[in-house]
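Following are the structures in question.
Two complexes, one shared chain (subunit A), two partners (subunit B, subunit C).
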Partner chain A sequence: MTATVSLERASLRYGDILGLSPTTFELPAGGGITGLLGPNGAGKSTLIQLLSGLLPPSGGDVKVFGEAPFRNPAVLARIGLVPEGDRFPVGLRGHAWLRMMGELSGLTGARLDQAMASALAAVGMEVNGKKLFSEMSKGMRQRMRLSQALLHDPDLLILDEPFNGMDPESRLQLMDLLRQQAASGRRILVSSHILGEVAQLTDRILLLFRGRLLAEGSVAEIRELLDRHPVELRIGAESAQAVARWAVEHDELVALRMEEAGAVLAVRNPRSFLPKLQAAVLSGELPLRSLDPIDLNLDAVFQFLTKDHA
Partner chain B sequence: MTTLPTLPTPARTVAALVRGYFPRLLQVRGWVCTLLIVLPVALSLGLAALMHFKQPNFNWGTQETLIVFHKVLAQLALPILVLVAAPAGIREDMEQRTLPLVLSRPVPTWILPFGKGLLWFGWGAAWIIVAVGGLAGLGADFASLPLMAAALVTAFWAELAFMTFLGLVFKRGTLWGALYLLIWDPLVRIFPGNLQRFTFIHYIESIAGSRGGAVETSQLLAQQQITTPWPLAILVLFLFGVLCWAASGWKLQRTPIGLAGAEAEG
Partner chain C sequence: MPIYAPSLPPRPALDEGLPPALVIARFDIRRVLKQRVGRFFGFMFVGSLLVQLATLYIRHLLKTQAAFGGVRDFANQVFTQGPEFHAGILTMGGWLTTLLWFQVALVGGGLVARDSLYRIRPLMYAHPVRPLDYLLGKGLFAAGLPFVILLPFVVLPWGMSMLIAGNNGPISPWAPLYLLPSALIISLLMGAVTLGASSLASSPRAGFGWVLGISLGTSALGGLLMGLLHESAWMAISPQALVRAWPALLCRVSEPPLDWIPTLIGTAFHLVLWTYLAARRTRPSEAVL
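And now, the complex of A and B:
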């Protein structure tokens, strides 16, 4: 069975800048959700543009449903793209624009009406979809973007940072919707720079960093990789010595730096270390005044992983 | 999985774009286009009425009407109309970065510049016909009106297509278009021989009737005016427009346009 997506040393250059290093991977046929994880500038949008046929690869092969997607209507008819960014044609109403997008996907007549009703209902925009884009909230516009991607019932749904700007309730609704879509047999690729978001949706993750596919695996495998990254925690306490005495007793400690009002601890496996810290504070063993994670962002983690893989 | 819809044909793509973007005509840019072409004639009519009211014997003659047509409509209003309408075509989608949403649909990409341009061509052409109709009120010869309308409509077709092409080839396509339409074109009077054929004004004058009589002897650089038979002139403008729409489609088809709106090396 042909893989839904197949990249064979596919790369993309923007002039002198390498947007994506030669990358090889496959997304299997059939339904399911794959997370595309990486910090900003990792190459997620570049990869998405290759897959959705907006850009051709500078080198290698990109195949979607067994064919090159760039300017290929037969492939594009089976892809639904939700791009990042809050961009819509000015002066148009949501439902009129959606009708046009449906017609541009080859839908007509009753089938188009039905598809529009179904797509608007799926994202909860039956009423607000008639507004001008300028009158919609950012969340509503994001839902409209999603509705146009669902309109033609695509086999592959590609979403670029779909949770950006969404309130928690909308996020949960979108996650539910994506799970339903995956269960109905669609292959879904969701990009995000937040592991927690992706982990709630899928067990299969592609890790990108600086235009390179760094790792591919399950959430557990990726978490294991991330746990090897020493996280720096600044602990404010009345006695820095007390913090140091407590910290050196734990295997997770990698480095210790004393400061005037506390200490900075570099620890591995924060998921096992932090509960211990919590217990020590609660028992009064550790006179903690403040806790400040210094580099718990993905960028730091990815830089660590890059060094680790070098 | 469900059965796939039939892929949209070029004609269906054009129809969808025209229907989808139609509301844009009824917004500021659309009405600016209307005013640009209708207002000069309306003002002339108002002026003529005022003069007639003050001096009952006053009547605008054919010569004055020709000046309004050639000097105001053809040389000034039409180029500005093109400069306002053309950026609302495919260029607008590129600048607003909404084009990738359309490019991600299974449409024939090459038809997109024409599809968006046709909407503005139809709008502009309709108002051109209204404006030329208004010239009758100024005393224009009724028999000359169809050719005057044909001259401006076919020139609008060709100039709009030309500007669309420039907009796809150059980042500052409007600037190059403005230079061509407002600087190069009016120089037709001093262009020798066949060089005149590389201006739109030459064809407009060939179709609508020469304004040669208005060239004064004091214009020392003025060259002898050449003409093209009007059916041929209409054909040239039409074919030039078709060529420019085709070139625009070819350019868009070949140009990778990503989400950032920038071109990438393919």
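And now, the complex of A and C:
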């Protein structure tokens, strides 16, 4: 069975700048969600541009449904793209814009009306879809973007940072919707720079950093990889010595730095270390006043992984 | 807000539906029709057309009614008949073309610039829309707008002349054969300049500035070169001058503002330059996600 997406040493250059290093991976045929994870500037949008046929690869092969997507209407007709940020002219009503997008996909007449009604209903915008874009909330505009991608019943749905600016409730609703779409046989690629978001949605992740595919695998595998990254925790306590005494007894400790109002611990595998810390605080063994993770962010993790893989 | 799985109709086949260029052009037409600027110019153009028709009718009266003999002699001195009169139908002494330049600058300046500002093009290209479709759609609108406006200025006075005086009316029965191609060339020229200027701009306002800048700037430059080099052909670098020259040339005015060769070269230059720029600026590689 032909893979939905397959890249074979595909790369992209913007002049002298390498946007995407030679990258090889496959997304299998059939429904499912794949997370595209990476910090800002990692090459996520570049990869999405290659997949959605906006740019040809500078080297290697990009295949979507077995064909090169660049300027290929047969492939583009099967892709739904939800780009990041607003894409609407001011002073325009949602349904007018949606109608044009539907017509660009070849829908007309009653089929277009039916597709618009279904797509708007799918994202819960049956009523608000007729509003001016300037009157819509950020979450509503995001739903409109998604509805245009669903209009022509695509087999591959590509979403670029879809959760940006959404409130928690809208976020959960969107996740539900994406799960339903995947269950109905659509392949979905969701880009994000927040691991937690993607982890809630999918078990398959592509990890990008500085234009190259760093890791590919399940969330558990990626988490295991991330656990090797020493995380710095600043622990505020009445006695820094007490913190140090407690910390050195644990295998996860990599480095220790004393400060005036506590200590900075560098620990591996925070998922096993933090419950121990919690238990020590609850039992009164550790006189903790504050806990501040210093570099528990994706950028730091990526930098660690990059060094690790150099 | 409930969310449930949609029951979408099946995906359309590739050859189904309207051509993307028509969809894009129609979308822009609908947008303009809702704008107040469209209504204002509509009023101005209809007013100009009514003035032209009224003038034509008065001419007819002057010619046919003996009671207006004295006025007729005076009018014949003021309004020359023949090719100059025919060419003037499309320019109205420069008033109509100037108004038209403002109209295309205001409406057309944002054609491509708006899509650049709101980053709409990548989304369009992610559909089965080729860059050529996009350019055609925008070009259709950019050139179609001035043509649709000029069309009644050719057809209605001619029809009225034929109705009230037949072959002996103030407008020759063959006038549309010269005036319609003139209107078409004017429209293509204005459309190309608008499209190119709008593709260079980053916002509709900037697009308006670019169109007017090109139109007025090249006229100033042409005038300067003409003054310095004592050669009127230099005015052919100005689209404004070319727009005035075409009706004069095709209606065979005795002293056209520009000769055939500079007009042809100037027109070809502007058509190629601005269309090329628009094509380059609307390539998918320029459409950043």
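One rule holds for everything that comes next: the second predicted complex is superposed on the first by the 310 of 310 C-alpha atoms of A that agree within 3 Å, B and C clash if a C-alpha of one lies under 4 Å from a C-alpha of the other, contacts with A are read in each partner's own complex, and residues count from 1 in each chain.
Basically, a contact is a pair of C-beta atoms (placed from the backbone, for glycine too) under 8 Å apart; a residue touches a chain by one contact, two chains touch by 3 or more.
Just so it is clear, the structure is predicted and the values come from calculations on it, not from any experiment.
**Q** Does the subunit A-based superposition show subunit B and subunit C clashing or fitting?
**A** Clash.
**Q** I'd like to know which partner A:Val123 touches here: subunit B for first, subunit C for second, both or neither.
**A** second
**Q** So in the superposed three-chain picture, is A:Ala74 touching just subunit B, just subunit C, both, or none of them (first/second/both/neither)?
**A** After superposition on chain A, A:Ala74 lies in contact with both partners, subunit B and subunit C.
**Q** Is A:Gln114 touching the first partner subunit B, the second partner subunit C, both, or neither of them?
**A** In the superposition, A:Gln114 touches subunit C alone.
**Q** Output check: A:Asp176 vs subunit B and subunit C. Expected answer is one of first, second, both, neither. What do you get?
**A** second
**Q** Looking at A:Leu150, would you say it contacts subunit B, subunit C, both, or neither? Reply first, second, both or neither.
**A** Second partner only.
**Q** Classify the contacts of A:Asp86 with the two partner chains as first (subunit B alone), second (subunit C alone), both, or neither.
**A** After superposition on chain A, A:Asp86 lies in contact with subunit C alone.
**Q** Looking at the overlay, what does A:Val267 touch: subunit B (first), subunit C (second), both, or neither?
**A** neither
**Q** Let me test your reading of the model: by the given contact rule, A:Ser58 touches which partner, first (subunit B), second (subunit C), both or neither?
**A** Only subunit B is touched by A:Ser58; subunit C is not.
**Q** Jot down the residues of subunit A that show up as touching in both complexes, subunit B in one and subunit C in the other.
**A** Subunit A residues touching both partners: 45, 49, 52-55, 70-71, 73-74, 76-79, 81, 83-85, 87-89, 91-92, 96, 100-101, 103-108, 111, 148, 152-153, 160.
**Q** Which residues of subunit B touch subunit A in the complex?
**A** Within the complex, subunit B contacts subunit A at residues 1-2, 4-8, 12-13, 15-17, 19-21, 23-24, 27, 92-93, 96-98, 100-109, 253, 256-259, 262, 264-266.
**Q** Which bits of subunit C are touching subunit A when the two form their complex?
**A** 1-18, 20, 23-24, 27, 30-31, 34, 114-115, 118-120, 122-131, 284-285, 287, 289
**Q** Using the touch definition from the top, list the residues of subunit A that touch subunit B in their complex.
**A** Touching subunit B from subunit A are residues 12-15, 19, 45-46, 49, 52-58, 70-71, 73-79, 81, 83-85, 87-93, 96-97, 99-101, 103-108, 111, 148, 152-153, 155, 160, 185.
**Q** Within their complex, state which residues of subunit A touch subunit C.
**A** Within the complex, subunit A touches subunit C at residues 45, 48-49, 52-55, 70-71, 73-74, 76-79, 81, 83-89, 91-92, 96, 100-101, 103-108, 111, 114-115, 118-119, 121-124, 148, 150-154, 160, 173, 176-177, 180-181, 184.
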